[in-house]
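We call the chains A, B, C and D, going by the order they appear; numbering starts again at 1 in every chain.
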Amino acid sequence: MGGVTVTALDAAWADRWLRECARVLADRREELIDLDRAIGDGDHGENMDRGFRAVVAKLDEGPSESVAAALKLAAMTLMSKVGGAAGPLYGTAFLRASVAAGDRDKLDGPAVEAVLTAARDGIVARGKAEPGDKTMVDAWTPAVKAAAAPADGEAALEAAASAAEAGAQATKPLTARKGRASYLGARSAGHLDPGAVSTSYILRAAVTAAVSEISAGDVA
Amino acid sequence: MGGVTVTALDAAWADRWLRECARVLADRREELIDLDRAIGDGDHGENMDRGFRAVVAKLDEGPSESVAAALKLAAMTLMSKVGGAAGPLYGTAFLRASVAAGDRDKLDGPAVEAVLTAARDGIVARGKAEPGDKTMVDAWTPAVKAAAAPADGEAALEAAASAAEAGAQATKPLTARKGRASYLGARSAGHLDPGAVSTSYILRAAVTAAVSEISAGDVA
Amino acid sequence: MKKLINDPRAVVDESLEGFGLAHADLVEVHWDPVYVTRRGGAVQGKVGLVSGGGSGHEPLHAGYVGQGMLDAAVPGAVFTSPTPDQILPATQAADGGLGVVHIVKNYTGDVLNFETAAELCASEGVDVRTVLVNDDVAVEDSLYTAGRRGVAGTVLVEKIAGAAAERGESLDAVEAVAKRVVANVRSMGLALAPCTVPHAGKPSFELADGEIEIGIGIHGEPGRQRVGLEPADVLAERLLTPVMEDLGFEAGEEVLLMVNGMGGTPLSELYIVYRRAAQLLSDRGVSVERSLVGNYTTSLEMQGCSVTVLRLDDELTSLWDAPVKTPALRWGV
Amino acid sequence: MKKLINDPRAVVDESLEGFGLAHADLVEVHWDPVYVTRRGGAVQGKVGLVSGGGSGHEPLHAGYVGQGMLDAAVPGAVFTSPTPDQILPATQAADGGLGVVHIVKNYTGDVLNFETAAELCASEGVDVRTVLVNDDVAVEDSLYTAGRRGVAGTVLVEKIAGAAAERGESLDAVEAVAKRVVANVRSMGLALAPCTVPHAGKPSFELADGEIEIGIGIHGEPGRQRVGLEPADVLAERLLTPVMEDLGFEAGEEVLLMVNGMGGTPLSELYIVYRRAAQLLSDRGVSVERSLVGNYTTSLEMQGCSVTVLRLDDELTSLWDAPVKTPALRWGV
């Protein structure tokens, strides 16, 4: 049996989060491409992979000074490397998140909620999507809501990630009203929204970065 | 058991020959297209079908006055409707054949030989192909030779058609040195030459037009 | 996937490099970030014209950079809008002191990236106007969508606004004429076969033998409707009718008719579609005064076409006829 | 077979009808027999230029009818040379009193039909010269073949001879310059995917995934060699090397480089091939002075391309640059 240790949601965590995003999104590249092929233009997996690879290249220049700095680095890089709808939306999300993180050296539960809320609000401000429009907002909105309860940062992240996963799954029956999938009208129903799914991966990556699995041997 | 009656190789026969060519070539359109797809550009069946349909349309205006007139009508029509290599080659063949038929009102064995020889020589004069180059000349040359023996016109045609069929089959192993198939080099071997095959159909049609099958009942 | 490419990730850069070499007399390709300008840069005292969008629609947009059309083009990754850090320097390079018009196809990604870029440009002191092109009538219900897409009509906006800028019109006037083209141009497209995005490696959608997609966009998106293959004359009518209805044409009007290939369709087929579309227009008493037939706004190697109609007036016609000297559109000079 | 057509047998006529409607300002389509002339007919006191061949290579040849290029074009059925009864009136319509040059791609069918037509023309009092184009180096051993084929280099012959005729050169001179282009132009092509002739209804050959044909012609004929799909840079070299060797290029020479699409290949891919071909030429010290990239001599919807190199001298360059005003090639006017 193994155990887990939870690390503080500090600058090092933020860097690990971004690297974990890059790892997961590279892994899920084809899956996200296929989701986007079904109701969009088949580039979402490539866009996210390209963006986060660039983030990692930036991180390799040295560790971030703060959570806010890491998030801002992600924001600027995604903005200039992703393009498409996802670039400005995730770019704005990380930028607003960075501002919300402020000069905190680590995030507790309420801080996690504040950061995620800022991110979601940024996406809504840019993209004007409402819940139910079958966009990434449908993953962010339940995530923000779920993050409100826990006092502990990691628990807030865990709740957010699970809610985002459920939210992403719940986009399946919806008819898209924003983004490229909206052109399909009723034919968009029956498919997951790629941006909602990538959001769920990004939030799950935040949890993974916070939690190290320790094998039974290690804790013996 | 049935018998056959042989009709004179006169103007009516010539008209029937051309109509029979049209019928057979329409029937063999796809086969000739496929042969030409393999080593050429896939139009031989379409070209021959188009050309002989036009010949029939001309024949429908009234019966030919003579063998020579029927052959000249075919020559001019094929020349203006077939295009490609086959158009001028068959056009020249029928034109020279028409001249060779001259003012004969019907053809006997030597006349058949003279007509076929003129046709073959016309093709060679235009196309400069030698026997073995994997062209229609490989059907015409043995046909001309076989037509030399019989005194009887129908027997000469029958011998020519059979020789043309054998000649066409014998093009299979050859490497093309003239026409579009020559671009393939050694890859042209292993396929029948479409023009040699259409030549064998045209000569067989001449026999069919000369011979009416009569069922046993009719001759009882 | 069979393509004349090297690394799927290098497609846009290598293609632009070839483009720059082939048309060095007309254009300049800039790297890091990537954008294309007219050879010689901004024309002082002329309104600048910049467009851009995902790659894969060649010759759109870089093929339309040159005298009488665009001053700069900003290519994104394949089917992915470019980013603000590309659009900013392209806009600065296009600014001849009178400001710049951004011609943007109406897609969420393009709109958001050009929006951000316009803010950056403003903060750098460049007066930027944005004209959204949304000619695709296949997207019917714009209340419940991201709005109509910009497709092949974009070429007409770029040509006509480019001519207005070239003849010395003000920023307001160039913006206004571009918007007038947008207000009077409509398009609709169909696909016989999908395209394959290099980095995706798989066709953008699946179509059975004998099936086609009506109302496709230019990004390999599936269309609104899947129907059986029909004769070209029927298909031409399927495309033209909604275009005509949306524009509300009346007898006696004059139009430009464009039949645009999606990249993998032979020119001969485009002319067959053109023939029927022209007949239908003339049946309604609409007079086709100008035409454009060819691959002008493509979707990689997609097989299919779109039909575009632009309502003309004397000014638009004379701007259309004005000289243009770009890699992909050229006359009068 | 998925095509934007009506009846497979009506493809050529309906396409020409659309072509005539779309370009009524430049050309006139004649029926029964079919041929295309410059709007306004023969230019008196100018040598006439006529070309023709099977359809399916659009814009070749009808797309090159107009000022500075052809006076008439004679389209046959798809991939089938036209007949003498079409070529005769087209030639007469092109004769401005100084005689006519026939530009004929070297295929048995084209040669024989133009030969007969030339005899008919002579008997009608038109002085006809025939220039055979045979630029395709894929056909190596011309002793054992019908000789090298005419492919995309034909466009360069038509453009340059057309410019010579337009500037008032004599029949001898126009014939001579056309032959000089033929002597200095070489091409080679490849296919990633075959085309389907409408009346055949089946692909012209079969290629497995990952297989390509090197040395194809423009009639859907299989090539000389079937190889595995390779990167564009390798393929560009496979095409350019025999072209260069056949022309025997030396450092310091100047050339025109053309990368021609076979109809179904995106422009972006052609530029990737162009990029490498231009690099290879410059590595050898050969200077690319002019370029042409696009679908200029096609094979229906075939996917693939050809590379053409023309050795330039000052006269050929200035004839190339001379104004041309046709549906498919236009500059300077």
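Convention: a contact is a pair of C-beta atoms (placed from the backbone, for glycine too) under 8 Å apart; a residue touches a chain by one contact, two chains touch by 3 or more.
Labels paired with UniProt names: A, B = Dihydroxyacetone kinase; C, D = phosphoenolpyruvate--glycerone phosphotransferase.
A quick note: this is a predicted structure, and the numbers were derived from the prediction, not measured.
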Exercise. Which chains lie in contact with each of chain A and chain C?
Worked result: none
Seminar exercise, completed: Min route length, chain touch network, chain A to chain D, equals 2
Problem set entry | Chain of greatest Cα-centre distance to chain C | B
Problem set entry | Rounded Å distance between chain B and chain C, as computed from the means of their C-alpha atoms | 55
Seminar exercise, completed: chain B and chain D have mean C-alpha positions lying a whole-number Å distance apart equal to 33
Problem set entry | Approximate Å spacing (C-alpha centroids) for the pair chain C, chain D | 29
Exercise. From the C-alpha centre of chain A to that of chain B, how far is it in Å?
Worked result: 76
Exercise. Quick one: do these chains touch in a line, a ring, a star, all-to-all (complete), or other?
Worked result: line
Exercise. Tell me, which pairs of chains are in touch?
Worked result: A-C, B-D, C-D
Exercise. If you look only at chain C, which of its residues touch chain D in the complex?
Worked result: 2-7, 11-12, 14-19, 21-23, 55-56, 58-59, 63, 192-193, 209-210, 212, 229, 231-233, 235, 257, 259, 263-276, 278, 288, 291, 293, 295, 298, 300-301, 303-305, 325, 330-333
Problem set entry | In the complex, chain C residues that touch chain A | 33, 54, 76-85, 107-109, 112-113, 115-116, 138-141, 144-146, 149, 197, 199-200, 202, 204-205, 217, 219-222, 224
For this session: Spell out the residues on chain A that touch chain C in their complex, using ranges where they run on.
Result: 33-34, 37, 39-43, 46-47, 50, 79-89, 126-127, 175, 177-180, 182-185, 187
